[in-house]
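This is the structure I want to talk about, given as structure tokens.
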Amino acid sequence: MVVILKENPNKTQLDSLVKWLENKGIEIHPTVGVHQTILGLVGDTSAIDIDLLNALDIVEDVKRIQEPYKNANRKFHPTDSVVKVGNTQIGGGTLTLIAGPCSVESEEQICSVARSVKASGATILRGGAFKPRTSPYSFQGLRDEGIRLLKVAKEETGLPIVTEIMDASQLDLFEDVDMIQVGARNMQNFELLKLLGHVDKPILLKRGLSATYEELLMSAEYIMAGGNMNVVLCERGIRTFETYTRNTMDVSAVPVLKKLSHLPVVVDPSHSGGRSALVPALSCAAVAAGADGLIIEVHNDPSRALCDGPQSLRPEVFDSLAKKLRVISDVCRSSVNEEEAV
Amino acid sequence: MVVILKENPNKTQLDSLVKWLENKGIEIHPTVGVHQTILGLVGDTSAIDIDLLNALDIVEDVKRIQEPYKNANRKFHPTDSVVKVGNTQIGGGTLTLIAGPCSVESEEQICSVARSVKASGATILRGGAFKPRTSPYSFQGLRDEGIRLLKVAKEETGLPIVTEIMDASQLDLFEDVDMIQVGARNMQNFELLKLLGHVDKPILLKRGLSATYEELLMSAEYIMAGGNMNVVLCERGIRTFETYTRNTMDVSAVPVLKKLSHLPVVVDPSHSGGRSALVPALSCAAVAAGADGLIIEVHNDPSRALCDGPQSLRPEVFDSLAKKLRVISDVCRSSVNEEEAV
Amino acid sequence: MVVILKENPNKTQLDSLVKWLENKGIEIHPTVGVHQTILGLVGDTSAIDIDLLNALDIVEDVKRIQEPYKNANRKFHPTDSVVKVGNTQIGGGTLTLIAGPCSVESEEQICSVARSVKASGATILRGGAFKPRTSPYSFQGLRDEGIRLLKVAKEETGLPIVTEIMDASQLDLFEDVDMIQVGARNMQNFELLKLLGHVDKPILLKRGLSATYEELLMSAEYIMAGGNMNVVLCERGIRTFETYTRNTMDVSAVPVLKKLSHLPVVVDPSHSGGRSALVPALSCAAVAAGADGLIIEVHNDPSRALCDGPQSLRPEVFDSLAKKLRVISDVCRSSVNEEEAV
Amino acid sequence: MVVILKENPNKTQLDSLVKWLENKGIEIHPTVGVHQTILGLVGDTSAIDIDLLNALDIVEDVKRIQEPYKNANRKFHPTDSVVKVGNTQIGGGTLTLIAGPCSVESEEQICSVARSVKASGATILRGGAFKPRTSPYSFQGLRDEGIRLLKVAKEETGLPIVTEIMDASQLDLFEDVDMIQVGARNMQNFELLKLLGHVDKPILLKRGLSATYEELLMSAEYIMAGGNMNVVLCERGIRTFETYTRNTMDVSAVPVLKKLSHLPVVVDPSHSGGRSALVPALSCAAVAAGADGLIIEVHNDPSRALCDGPQSLRPEVFDSLAKKLRVISDVCRSSVNEEEAV
């Protein structure tokens, strides 16, 4: 951490700052310039609140040198983490396809989609039971009945299931769910994150609409600080000035998060673009960038499209897409590795 | 609502769409152009899911004409709402100052600040008990002890108190709190909003970091749909590309929200700028733009600044600022009204 | 175009609006609702200024249904355009690699890089002669001498050259340049665009840092309206709240622009990420999304890295990357086409 | 400037970096931590290209401590600059109102508006002759005839005139123009800025749609580095995710730019909001935040509103607004100063 002092700092306040830092075990290396003095802080600065330093009268600015996350930091865990989900896994050099409908609607629907995506190579089934909707007047999901239906589909197909939790009070319902999803709008619901830190299930943590990479990793850190190391990061599009796409898929998130962290990174191309016509191109791009997996919305019956979101693919499109993705994954994985070796 | 059809839409699908809409009581007025046909929908379209329409093969685009919020909509409630908070109120042509420390730290601190801001004209006391922090390693607030201390300060000064709730499970602790704050990160914590819709207390709803005006109003609608009409909207800065300020205070939110909705609008200049030096200028700007109130961080002791955020004012600065704000409020309120009359 | 009227519009003003529109050859189809009346306008609305309509007292909102660009619009030119650049081309189902140094520095440097990227499969040489720099104190490029050196490299290798113009007054110097680049900061330098509309050379038009797809296409329209149809669109990263990457590469721009327009689309992964370590992953992603080409910075001498930007690749990294990109291009092109056929 | 080195940096490369910096007259102060070594650079670092340092293999990150602008920097010019414009001035503790129509349309129009805004207290006349329009099919302004008409209005009313230049080739036409405006889209048209650095006229420099404060100040620096110190900065709204307003007026720009720089700061509330109904509230906010002036669009004839943009005020609204603004200016100016004195 580097502290930039204002010109001619008050001596008493400076001494008190230095003493306070030294008490915390920090070594201080000053660099005195003509207009500015900077203090280089050496030691474990992760517990020092950058806002507090910034609040001091004698401080002009504070710049962090070290990342504020530890458990999620690749520097301290150089090898890729592999996260087990039921009978399968995410990470470790394979491409995991998570697929299923936007919302669970009926036993027939979820089982039909589950069989279909399994046949196309998906190894995890997704489906919304609790649905975060902007409007209180929109369909809010089948809730506990939705989770029950997901379990039926799991029994029938053997696919592990992932579904979104929206509130701590719902946790009991997730007992037989294999992976718990935290949605973009809850990425900084810190009370929920703390709770999930004590749960013995893998967590799929979606990036918030306007969350930086560091904030996403700090939210992972909340879960990991509680002891649950099984976190999978998910890029799902960020909010920008461009409104043609619902969100802007930030494909750079894949190589950057994999550089900063050892956690697996998956991408949600369905919500990123918000239009099913974009899903194949965005899926290919995400895998080409090195994603460990994709989470894709697939609906079962074109004639019932009225009840599906605009971002869902038909099973036959998903099937041909899945084949391409595996080829790209093989080509790009070698590409990425060679680059790293340079 | 206007539905723009693709060129040469499939006749069967179009008939089925028309029938579906008519069953929902919607009248349809088609406009046939050379390249495009559009359908004007007349009736209560608030329950029609715009995503569902967009998902149809025959639909190119859907444009909403009417706002999707009802209870919060000024069109249906032309007069300004006034929200009662303990022995005072927000809205109705007066300027309400809400002030207090970032975090509650001790009885001595909160009572001292409370006395001081009351003397300067604040009528509501703020103070954080549950603190949403990006890092799990930062101070998370005194929690229930913090709420207890706020109540002590309330008893001593008579000021009603407002403090932030972070999770539904904390609600019991808020029994003696006069106004419940929903923070920016929880603006779309829909389960929490639904719960607060059934609470008999006014809610201070902060705009999310990347929430549009419409999304903020839809979150207010969640609370109001449950029966709780006492919602105050709060602009607290949005996330943009500019990083010099912590957030970008969107001062336009004040006249726009007051045009779209009848709910009172307050501004938080402390979090918007993230630097105390900016608070006076931003406060003046917000009041000049027509805000019904401000929520400002004030700390009590310059020598203890180490434990306060960089956005907090000293009591004496708050005192002189409060005087100016009242003058501006008087001048601008007449300005705004005259403009409206034109 | 759809015009949404305010409640109870003034009759005289409405009549005058209707007459004004009919004089422009527009047919008007009204839809009368309970709270709102909307007018559907049928005819060529591209010459109607949406801002003028919005300014009317009786108008609440105006929504455009048809895109405001014609020459660039795929609706009116369904087949992909192929743009000739010297002895090669961009578009038409092949992958074009444009490569070269950030700035032209010396004959030895530019010729060495040119030979190297040609050997790796690049078919167009890039290199900056006029450099747009944020600071007046930074190196501004070799200017006319830079263009002279590019021509030397072109003669030696046979590669056509592309370089950036920064002002209309520089045009004479571009006589032997094969393709003229318009940089992101000049995307809305309309006087320059008009001039280039009358030039008999292909234009590489980079998307502005905060330009929407529609604005990029309108800038292409400026050039095409002058008669120059040889425009190649270039995604080079947009400005968002995320600052870890210099810009956020918007990979969705590739499928979206190719859907909206018939013009070829290339991507600049070097400026998008701003870090050379990200270039391979972003390049793979762009090609996987269907880009017609890439423009990549390559520098010749690791020991001279001090004079190269952080986004440049070494020749050997570019060489192995180029091989991968061709494989991905083959796989994804078929993927994209199949999806379109569905 | 602080250079953060990678772990275990190559000794030869480090020596060569140190030598290179010392040759530029920079003193180096290293701070050696467990995981990281940082180099504090003391001296004039404004000529050091931060991108070059970042490109080095041994460098992890570079953080600038000192601002890269000199002439525009308040640190080196502590007193407020006052810029003379014809017979009046901007800055120095007064409020300057610049007003006039969006586009110059006719002698009668511009003279009528000029008389009217002068009567209301405006001291500079604005009006567009060259109009930057997103679409090539929109009205592009009267161009040289527009400038001729502005001069007629100037002669009649005595008001100095400001109008926008769009290309270096137009400069000769601006001989009798009192102040030259650089529009948001040209803020980084560096060739134009360099040219204006050698012109003996004040420049009104508008902030680009996605330009940071630092970039705006660097563009001012381009002009000032050429010798022209008469630059006025103009906030006119930035591009954000919110689309209800055309742009988001960043009112914080006023106190921040005035802190970082000694140059006067004016605000354009007409383009910021893009809706005339917002202009009064935004104008009051800008003045309350400490702006040295406003540039406001005023049109002359409500019945001719069809030819005016939606952001223009009627003269009578401008007149009553101007009265309020002067009161607010007096109140807030004292407010701001007192705060500074604390």
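Going in written order, the chains are labelled A, B, C and D, and every chain counts its residues from 1.
In the analysis below, a contact is a pair of C-beta atoms (placed from the backbone, for glycine too) under 8 Å apart; a residue touches a chain by one contact, two chains touch by 3 or more.
Please read all numbers here as calculations on a predicted model, not as lab measurements.
Tell me, which chains sit next to both chain B and chain D?
Under the touch definition, chain B and chain D have A, C as mutual neighbours.
Please name the chain that ends up farthest from chain D once chain centres are defined by their CA atoms averaged.
Max centre-to-centre separation from chain D belongs to A.
Mind checking the centre-to-centre distance between chain A and chain C? Centres are C-alpha means, answer in whole Å.
31
How far is the middle of chain A from the middle of chain B, if each middle is the mean of its Cα atoms, in Å?
Between these chains, centre-to-centre, one finds 27 Å.
Between chain B and chain C, what is the separation of their C-alpha centroids in Å?
39
Among all residues of chain D, which ones touch two or more of the remaining chains?
Residue numbers touching two or more other chains: 210, 239-241, 243.
For the complex, which residues does chain D have touching chain C?
Within the complex, chain D contacts chain C at residues 20, 46-47, 49, 51-52, 54-57, 68, 132-140, 166-170, 185-186, 188-192, 194, 209-210, 215, 218, 221-222, 225, 239, 276, 302, 305-310, 312.
Along chain A, where are the residues that touch chain D in the complex?
It is residues 2, 4, 29, 31-36, 38, 40, 42-43, 61, 63, 65-66, 75, 210, 239-241, 243 of chain A that touch chain D.
Mind listing the chain D positions that touch chain B in their complex?
Listed in rising order, the residues of chain D that touch chain B are 210, 212-214, 238, 240-245, 248-252, 254-256, 259, 272-273, 277-278, 280-282, 284-290, 314, 316-317, 320-321, 324, 327-328, 331-332, 334-336, 338-339, 342.
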